[in-house]
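The structure appears below as structure tokens.
Residue numbering begins at 1 within each chain, and the chains themselves are lettered A, B, C and D in the order written.
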Amino acid sequence: MSGFSKEFKKGIVISNPVFVLALSLCPVLAVTDTLDKALGMSGAFALVIIASNLIISLMRKMIPDVVRIPVFVIIIATFVSIVEMLFQAYIPAIYSALGIYLSLLAVNCLILGRAEAFASRNKVSDSLADALGMSVGFCLALILISFFRELLGKGGITVFGNELFTLPVLAENPISVFGMSMGAFLVMGLLIAFFKQIGVIKDV
Amino acid sequence: MLDRFKKYYPLFFLVLVILASSALMMSAEKINRLVLESRQAPETLALLQQLFTEATFYTYRVDTEIYTLYDSRRHKLGYAMYGEGFGYRGKITVLAGLKDKETIHNIIVINQIEDISYWNMLKNNNFFAQFIGLKIEECYPSFAWLPGGVDAVSGSTISSRGVTNAVRDAILDKLEYLD
Amino acid sequence: MINNTLKPKYRGIPQWFKIPEYKLTAEYFIKTLPLPDRVIIPLHQHIGPPSYPVVKIGDKVLTGQKIGDSDEFRGVPVHATVSGKVVDIISFTDVAHNKEQQAIVIESDGKDEWIDMQTIDDLESLSNEQIISKIRDAGVVGMGGAIYPAHLKLTLPKSGRLETVILNGCECEPYVTADYRVMLEYGEKVISGLKIITKLISPDNIFIAIEDNKPDAIAHLTTILEKSNLNSKVKMVPIKLKYPVGARELLVKALLSKEVPLEGRCRDIGVLVHNVSTAKAIHESVIEGRPLVEQVITVSGGVKNPQNLLVRVGTPVKNIIDYCGGITDEANQVVLGGPMMGSAVPDTETPLTRGTRCLLLNNNQIRNEVDCIHCGRCIDACSMRLNPSLLAKYSKAGRYDDCGEAYIDACIECGVCTYVCPASIPITQYIKSAKQQLSLME
Amino acid sequence: MAKIKNDNSNKTEEKLIISSAPHLRSKWSVKRTMYLVILALMLPTAAGIYFFGFNAIFVILTSVIAAVATEYLVKLLRKKPFVMDGSAVITGLLLALTLPPTIPLWMAAIGSVFAIAIAKEAFGGLGHNIFNPALAGRAFLQLSFPAQMSVWIAPSGFAPDAVTSASPLSDAFEKIGSNPEIYRELLIGNINGSLGETSALLLLAGGILLIILRVIDWRTPVAFIGATALLSLVLGQDAVYQVLSGGLMIGAFFMATDYVTTPMTRTGKIVFGIGAGILTVTIRLYGGYPEGVCFAILLMNAATPLIERYTQPRPYGLGKK
């Protein structure tokens, strides 16, 4: 089981998909202006990567080498479509808020990268651990970024319609730059700088 | 025989995967549709079917208050939204249906308390039919008077204006939210 | 009466800053330094192939005797500057040019016995080849700091001729007054040297360029010229004082409005530039048969008695400083050469070499280098129109190829960029090291 | 190192310093340059305080203190020595001078923090930043708080009753018409506008002081103002009004001449000035914002490496092309 926990921990800190690998920045920058959207995106991401990693790892001996990339793409796209439909059916508000970025998960480099680099070469438990770790890392990064963006750009935190708290002055005059994609870059850069400063992540 | 199979194995595999994923997606879609349809209130659907007869289900966005209608093959038919205006006696509520983002498909009046005589004048003079196929741009020019393609029924001008304003109210603020 | 004087002009890049002159010793007559007990004579005091020793340890030598020679025409011989005994042949690092070489140590016997010197009365009796070989044998090198062998400059290029001769009396570096005193006190020798140069290359135009802060030198040389038969050909040109104007490239530009090509020498455009002290040395070597064993230097800055001295080549710096009363408390640096282009020496035993014009006791406040703030002062100041900050940046990053592409070869290392830099970046040092790296790569 | 025996080493030899030529250095330093700029900026600052009273004093103090404190903290974080070289003060002061007098103080502080921490130190500190920090801070505030950044009060000195009114530039086009009164007001600075950009005369005086002291080059402001005037004239605008109003003077003299973010070469300075002038007029006349100087200079900042690359001087001795 130590192998499992090792692979699991790897994705959270050592090779965090957002802060260290700097992969799949498109959804990171686009949907982190509110915490709701970030949570929705994290969930979709986790579902897709876990399911596709699992399937690909299960079939890794069967998949012929020449067609492996098409097969990965089909598998990932299938799960993305399924997740999309699930979202549309059960959480339509988040589905419509995420818009095109949900479908764009099908071409997410991180998911395809993990499938190609890890799941197709490792046994099922390790692949599952990797997918879980990556999901948790991605989710943490998205939550962190969106927390600060929503706090500064909207002046308060609202999760699924429940107003958790609002800042006294900022609520009337939110720093709207943080709601724009420039703010996403700023927050992400500052968080990376902060993590490097305190030594949590190191240069790759 | 075995060699030949090995040679074409990747192709077989690919086809297999495609078939499997199609099957998966079809079943997922079925669930999706079931869920979506189970969430619809039948009376609302019936109302909407007055606008779009072929509508089989709809989605409703709480934040923008827009109904999006689909037919049985999941093709988007159009949008519907409520609007209010004030006639001679009081509030007139209409449900306006948009065919696409530019044209009014049809309208139905949900609620009104106008005098029956006046209202019948509207009905008899085919007032409501004027909205069918009306371009949205023609609803913009003035808020107080009727849009370009609509003629008021003489003798019942205020009710005509109430209906028109209700339609305008339904459409104008929501155009930017149509997707 | 100066009748053939052009208006003062300087057509280089106008400078908005002024480097202080500090000509402390302008009014001091040249004194002769007493003979040192011991001289150290490096064997490679010129540009070109190094000389090899022709004496052995224990040999007795006379003043002016050849102790080093080169088989090549491009090399120049080295002479003993005192009479006495060769005590050692050591290995020596020349800090100014950063090269390892041999040096001969001679212990003086105090008698200063000279070799026989052949004096020539009639210049016309000598052929050009004889004159050039006399100049070479005397070991004359460019005294303006370039230490390029004089006889090579005076040999005409195979094709064509040199139309213009410029006698460079510009001494733009702060503190230095040696050339000024030479012009005042050895004016006849300078003009006689100019005559020899004229005879060798028979130019169309001769300019004597002297800065406008030395009117008495201009007047003095004009008087001598009027007595000589050169008068009609020579133009005396006062030059406006701006620091690197004494550099030959800028002098050519100022006088002729021509630019020396980037990868060429003055002679490529038919110009010969000689320093006044070189002219004096040429006169001494040809007319008096006297080898280059002594030179006039300025001792200035943080010494008790700043003065102009006639010093034997190879004299340790310590002797000179002691003669001038020793270092004052403020000075913390010994610089051979002027303050802008000279090199600081690590200890006072370092000997004086040919071509050194100044011994400066400097008070250097070390300032910390900070990041370049892109103020562009160095670009404005650079007379060669380079981008020194860019060169320094490339050099710092080890991008020497980029330095080459940014025309680092055009740099004359005048040091103005470093002088003006508000961020205290040693730009000149970076450029020098990049040049060295580039030459190693080739 | 001379390998000569040092038989009688005396005391002086121990303190001999080896340094590379030249051994003479001018007295100019980064610090001196910065403090001269601050000195010149005191003139428009004084005008701002005179016209806008306590508002101005508080905004300026907040901005400067926030800038210096941020610089100190960031240097501490980066484990670099903090040098009080005045550059942070300049950034804070310049930022304050471009802000409206009524801005809430915490917004001014946020602008300063952004200017120093993000626009300057994140790029590596003084000498490495790409964008003018003060202008980056202003742009940040402009994007974040568009409402508060476009409130203009009529100058009232220390009187408490400030009247808000539109920006002089936004209602400029109807109001004027070669009216000498308004030119005089613009020159003196008795108009509504940002803290430090109202008094064209004092800004000009500060700029000329810097040019005489050789701190800045005359080319950038002349090219900037000249291009603006010429293009306004061509497009049928009141050129004098366009030059005197808004942030053009402070931009041309104090921001487009910032060493770090503008070209070093002389031709480059002219190109920079002309480009900024054209962009300013374009944004003013056709853009969404009434004032274009800030974004014009920021855009040209981004183009600086390119300008520098193509305007290198021709080295001495390289044949003319």
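Assume a residue touches a chain if its C-beta (ideal position, glycine included) is under 8 Å from a C-beta of that chain, and two chains touch if they have at least 3 such contacts.
Values in this document were obtained by computation on a predicted structure and should not be read as measured data.
Peer 1: Taking every chain's C-alpha mean, which one sits closest to the mean of all protein C-alpha atoms?
Peer 2: It is chain D that sits nearest the middle.
Peer 1: Let me have the rounded angstrom distance from the C-alpha centre of chain A over to the C-alpha centre of chain C, please.
Peer 2: 71
Peer 1: CA centre of chain B versus CA centre of chain D: separation in Å?
Peer 2: 56
Peer 1: Find the geometric centre of each of chain A and chain D from their Cα atoms only, then give the gap between the two centres in Å, rounded to an integer.
Peer 2: The computed centroid separation for chain A versus chain D comes out at 42 Å.
Peer 1: How many angstrom lie between the CA centroids of chain A and chain B, rounded to a whole number?
Peer 2: One centre to the other, that is 35 Å.
Peer 1: May I ask you to sort the chain touch graph into line, ring, star, complete or other?
Peer 2: Line.
Peer 1: Which chains are in touch, pair by pair?
Peer 2: Every touching chain pair, ordered by label, is A-B, A-D, C-D.
Peer 1: Mind listing the chain A positions that touch chain D in their complex?
Peer 2: Touch list, chain A to chain D: 169, 173-178, 180, 182, 186, 189-190, 193, 197.
Peer 1: Looking at the complex, which residues from chain C come into contact with chain D?
Peer 2: 16-17, 19, 40, 90-93, 95, 174, 249, 253, 259-262, 264, 326-327, 332-335, 337, 339-350, 360, 362, 364-367, 370-377, 379-380, 383-387, 389-390, 406-407, 410, 413, 415-416, 418-424, 426, 428-429, 432
Peer 1: What residues of chain D sit close enough to touch chain C in their complex?
Peer 2: Those residues of chain D that touch chain C are 1-4, 6, 9, 12-13, 15-26, 28-30, 32-33, 83, 124-128, 214, 217, 259-266, 269, 312-319.
Peer 1: Considering only the defined contacts, which chain D positions touch chain A in the complex?
Peer 2: 77, 104, 106-107, 110, 118, 122, 140, 143-148
Peer 1: Which part of chain B faces chain A closely enough to touch in the complex?
Peer 2: Of all residues in chain B, those touching chain A are 9-11, 13-14, 17-18, 21, 24-25, 28-29, 31-32, 35-36, 59, 61-63, 179.
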